[in-house]
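These are the structures in question, set out in turn.
In what follows, subunit A forms one complex with subunit B and a second complex with subunit C.
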Partner chain A sequence: MASDTVLIIGGGPAGLEAARLLGDLGQKAVLVEQKSVLGGRPIDESYAALTHGFRSAEEAMNELITAAQANPSVSIRTGWEVAECSGAAGDFNVRLVKSGNGTSETVNAGSIIVATGFQHFDPGRETQMYGYYEYDDVITLGDAEKMLKEHKFVIPSKGSAPERVCFIQCVGSRDRQIGNEYCSKVCCGISSKLAIEIRQQSPSTKVFIFYIDMRMYGYWENEIYWPAQEKHHVQYVKGIITEIIRKGDRLLVRGEDTTMGRPMEVPMDVVVLAVGMEPSKGTKDVAKILGLKQNKYNFIEVPHDALDPTATSVPGIFVAGAAAGPKDLDDTMSMAGAAAMKAASTIRKLQNSNSKLQSASA
Partner chain B sequence: MAVGLDKVRPENIHEEKSLILEGMDISGHWNRMFDPRVLTDYSVENLEKVAALPGGESLMWCYGCAKCTGVCPVDIVGDYSPRKIHRKTQAGMDLFTSPDLWLCTTCMNCLRVCPKEVNMIHIMPAVREQAVLNGEVPPELQKAFEDTAKHGNPLGQPQRKRADWAKSAGVPVPILKDLKRPVDVLWYVGSYPSYHPRGMDAARAAARIFNALGIDFGILGAEEKDDGDSQRLAGEKGLFEMLAEQNIAAFSKYEFNRMVVTGPHEFNAFKHEYPKYGGDFTVLHYTRFLVEHLDTLKPMLKKPLNPSTSSGRSLKVTFHDPCYLGRHNGEYDAPRELLRTIPGVELVEMGRCRENGYCCGGGGGGMWLDSHTKDHTQMRLSERRVREAAEYGAEVLAVCCPFEVSRFEDAAKSTGNDKLLVRDILELLDESMKG
Partner chain C sequence: MGLFADKYPEVPLAEKERLWAEVKADSRFPAYLYGCYECGICVASCPSARFYDFSPRKIAQAAAREDLELIYEQMNDDVWNCSQCFSCNRCPRQNSPGGLITIIREVAVKNGLKSAKHALEGYGRVIYKIMGTGTQVSPDMLQPDAFPDWGPQVRDVSAELDLWRRALPPETLHTTSTGWQVDEKTIIELYLIWHHTNVMDMIAEVDEGLFMILNDVMEEKLEEAGYEI
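Entry: the complex of A and B
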């Protein structure tokens, strides 16, 4: 007899959405989150507004969390980790361990959804010379989100409002030397969204975005990029910054202004590194524990990505969100819905065939 | 050589062994860049200044796709395009004092292809208006402004002589003031057809055609003033408004059913700009007006224009679309219909024609910026165009904008294409009617 429980690993947007949907279907779900709080990156990294749509990240995530928590079919375990897994589709036995005290418990699950997400690229690892750990005023998208959420976007070293801020795109993405050859997909949109927020909070601040290509697919073009440029006067300059050097108490960004065909050395008060996505530690650990194939970048491999975007290399185990590679929220939520459906139907198919077998033998 | 591949062989490139430019010796292997290489700052203030002007907003919208550069007529002879203007201004250039400000002819080919609708037809006049207020105007343009203000025409000719051309038209050219009765058509002649020798040829041809067709028409004579549209686009909005008011007052004195204009710039002014000042009249460019009379006109065109009737070879005529008739107002067919009706004429299209027609350089004030443009480009736009006409094997370059005859005739001479004849369509029709 197949277990009627779906185990969801990860309490971010994908995991919460899958839990909520399974609960709505009346399917039993156990959601495991290793951290003590739910909400994933948007909460953990204090996102200001969501990309796209500009809704408050906290408000939107709380809505998801409440919906999952309120559902009687959903059981949520925060502060628990996945330690071991055996069995196959219909009958997985997954041992969970409580962080800190080592208490352990085994969940019998018919199917599993992995929603362990991504982590931001560590800019200390880049091959260029952005000096993230040397210069206080070189920050990441996440740092910018935090300041904007508190409505206090300032020069970190001085505490005053910046005259000039720039974003450097593709940090840790599209780079063979770093090993991340893929495009992280969301950073162009997020930088542009943050640029709009900076201009709104501090209208006297000039904001520049240095880029290789602006990748604003779909509606991000007209909802984010065009308003950033046309309404909020964010300045886009084609040509990436190669290095940052200290000049007085400011930063000098150096690179090429490619459409002018000239080198540039321009002073900035704050430099925001548009760091890309990498698989989170949780994604890498869980993939190993569950025996899932990973691609060359250590994201969970999806063998038939185009037509079956949530199936992993193991039958009965599905993936949703950025554990499978760079995803935006739209992708993540769609995948969560698809994975919930696949996880539930896996269980029901097995239950149906079991009951047929039983009635045949009877 | 294939048409358009104007490649220069290395042996045809000559380097100066010694050269002194503006007192500086740059002999030898000189660097092609004299400005500092490194961009040390982005002073967005200058871009903000442009975007703050009513009409200047869209310069900020450019995302650098460079579609405009591909079709900008100025970039072919120089280093100029809307994308470049956006980038240079973003990098700190002061457009208000830059020579680039006066290179745009407002031909509208950029706007035709621009995905972001960056509108140089609004941006340039807005910035130029400020430059005019600041007194930062090239002297030749300033003179045209002053002549227009003083004499009612940019050629600086006396107002009272505006209808003198009609004396030798050989047909009656009624002046409304003397006619003292309503007419079907008020023919607005325009400044160049009234005063420029080659413009007058077209005006007289028009007068003869109108007479032959039995059109009930009259002109304003000394009451007519320049339409002012090109002065507006060159930044003199105040002057334009003054002329518009004066012309509207003159038009309003008389009863007529519709206006026919000789020039596309006047057509554009009366159709789109004068209504904003209360002057709402039905206006037709002469090409569309004559197409309406084609059935009557056709039998009158008796004389074939081909050089030798015995050989049967037709005269190869190409047509230059005026920017303000074509792109600005969507009229591409009427001029071609007229040309095709003329016996002995074979219409040969140039590569850049219709929507992608090249610009003669005369629009947007370019008519009065010849020295400035010459100083900042490799060749005049009219010279580039004449070369294209010659490349396509044209014997006659037909035009229907009064700015163009003199521009192209000069260009034909300066580029050694003396054999290429430049004729207004009116002149060709008139010639064919002589049969």
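Entry: the complex of A and C
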């Protein structure tokens, strides 16, 4: 008889949404999160507003967390990690270990959803010339989110409001030399969203976005990109900054203004690096423990992605969200719904065929 | 040697800022500039871009970025290379680089920029004809002796003018003998409009001589009609 429990690994947006939906279906679900808090990146990295809709990240995520927690079919284990897995679809045995004290427990699950997400690219790595660890005023998207969440976007080294801020796109994405050849999908939109928030909080601040090409499909185009340009006068300049140097107490960014056909060297008070997505440590670890194939970049491989975007190389194990590669929240939530449905139907199909077999043999 | 061989004067940044503020204050400005994709469709459709170092995209971009240095340069040079055909209105963001140029040119003229005077030198007679008579230069006026400054090609064009005009698709067959004349009431109204909307001041700013001749013509007719300017 197939176990009627779905094991969900990861307590971010995808994991929480899958848990909530399975609970609504009346399917038993166990959600494991290695951190002590739920909410994933939006909570862990103090996001300001979510796209799309510009809702407070904390408020929106808390709603999701409460919905998952309140469901009687859902059991949530924070501070637990996945250590071992055996078995197959219908009968997985997954050993969980409590972080710190080594207490262990085995969950018998009919199917598994992996929602272990991403981590941001470390801009101090390798060929990056942006001095993230050298200059206080070179920050990342996450650092900007934190300041905006507190409604205090300032020059970190001075504590005063900046006159000029720029974003540098594709940091750690679309770069053969770094090894991350893929587009991280959301950074164009997130930078533009942050640019709007900076302009709203500090209207005298000039904001520039240096880009390779803006990739703003779907709602990003008219909810974020056009208003950023037309209403908030964010300046988009096609050309990537090659290096940042210190000039007096300011930063000087060097690049090419490609559409005007001239080199540029402009002073900035704050430089925000639009760091891309990489598979999180959890994604890489869990893929190994569960025996899931990973792609060239260590994201979980989806073998039939066009018509079956949540499948993995192991039957009965499904993936949702950025564990399978860069995703925005809309795609992550849709994927979580699909994965929840696949996980539940895997169990029910096995249970139905088992009961048919039993009634046939009786 | 280009049109702007004798270069325009350098001015302080504050002056560039003042000129730009005048452009932005124009009521048409918000409808002419949204945001620029830098896609280049305006340049692709621009006839002037084929012949001059001219880019309507750069006009829109400089305006969007409020690049004061570049805008001043364009106000004195690039904008005079535009034929104001508005092919650039094909913009997917609904910008109008040509419309921006209209405003920028007007600001250049109103402020008596040297480059504006220079660019408009050749148009004195056309303006005199339009503003004096209230109607345009009629194609049958295009005779070699009448426009020697338009170059030797006027002779070739005028020789077969009737044929040329029949070959053109639009209705351009009006001449001085077919409804060219503007009636007295209309011409008086036109004179009044030009006076009251400061067009005469603009003319005075770029061409003092032309202003005096036009003013004489207008004053006489307006006085006859009982108006005093």
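Keep this in mind: the second predicted complex is superposed on the first by the 360 of 362 C-alpha atoms of A that agree within 3 Å, B and C clash if a C-alpha of one lies under 4 Å from a C-alpha of the other, contacts with A are read in each partner's own complex, and residues count from 1 in each chain.
Throughout what follows, a residue touches a chain if its C-beta (ideal position, glycine included) is under 8 Å from a C-beta of that chain, and two chains touch if they have at least 3 such contacts.
Owing to the predicted nature of the structure, the values given are computational and were not obtained by experimental measurement.
Annotation: superposed three-chain arrangement on subunit A; subunit B versus subunit C shows a clash. Put subunit B and subunit C next to each other and count what each touches on subunit A; the higher total goes to B. When the two complexes are overlaid on their common chain A, residue A:F299 makes contact with neither subunit B nor subunit C. Looking at the shared chain after the overlay, A:K238 reaches both subunit B and subunit C. Legend: residue contacts after superposition of the two complexes on their common chain; A:E230 is shown touching both subunit B and subunit C. Steric collision with subunit C, judged by C-alpha atoms after aligning on chain A, is confined to one stretch of subunit B among 6-14, 24-32, 78-86 or 384-392, namely 78-86. Residue overlap on subunit A between the subunit B contacts of one complex and the subunit C contacts of the other covers 226, 229-230, 233, 235-238, 259-260. By the touch criterion stated above, subunit A contacts subunit C in their complex at residues 226, 229-230, 233, 235-238, 259-260. The residues of subunit B lying in touch with subunit A in their complex are 37-42, 44, 47-48, 51, 57, 60-61, 63-64, 83, 87-88, 90-91, 116. On the subunit A side of its complex with subunit B, the touching residues are 206, 208, 214, 225-226, 229-230, 233, 235-238, 257, 259-260, 262-267. Residue ranges on subunit C touching subunit A, taken from their complex, read 34-36, 38, 57-58, 61, 64-65, 70, 93.
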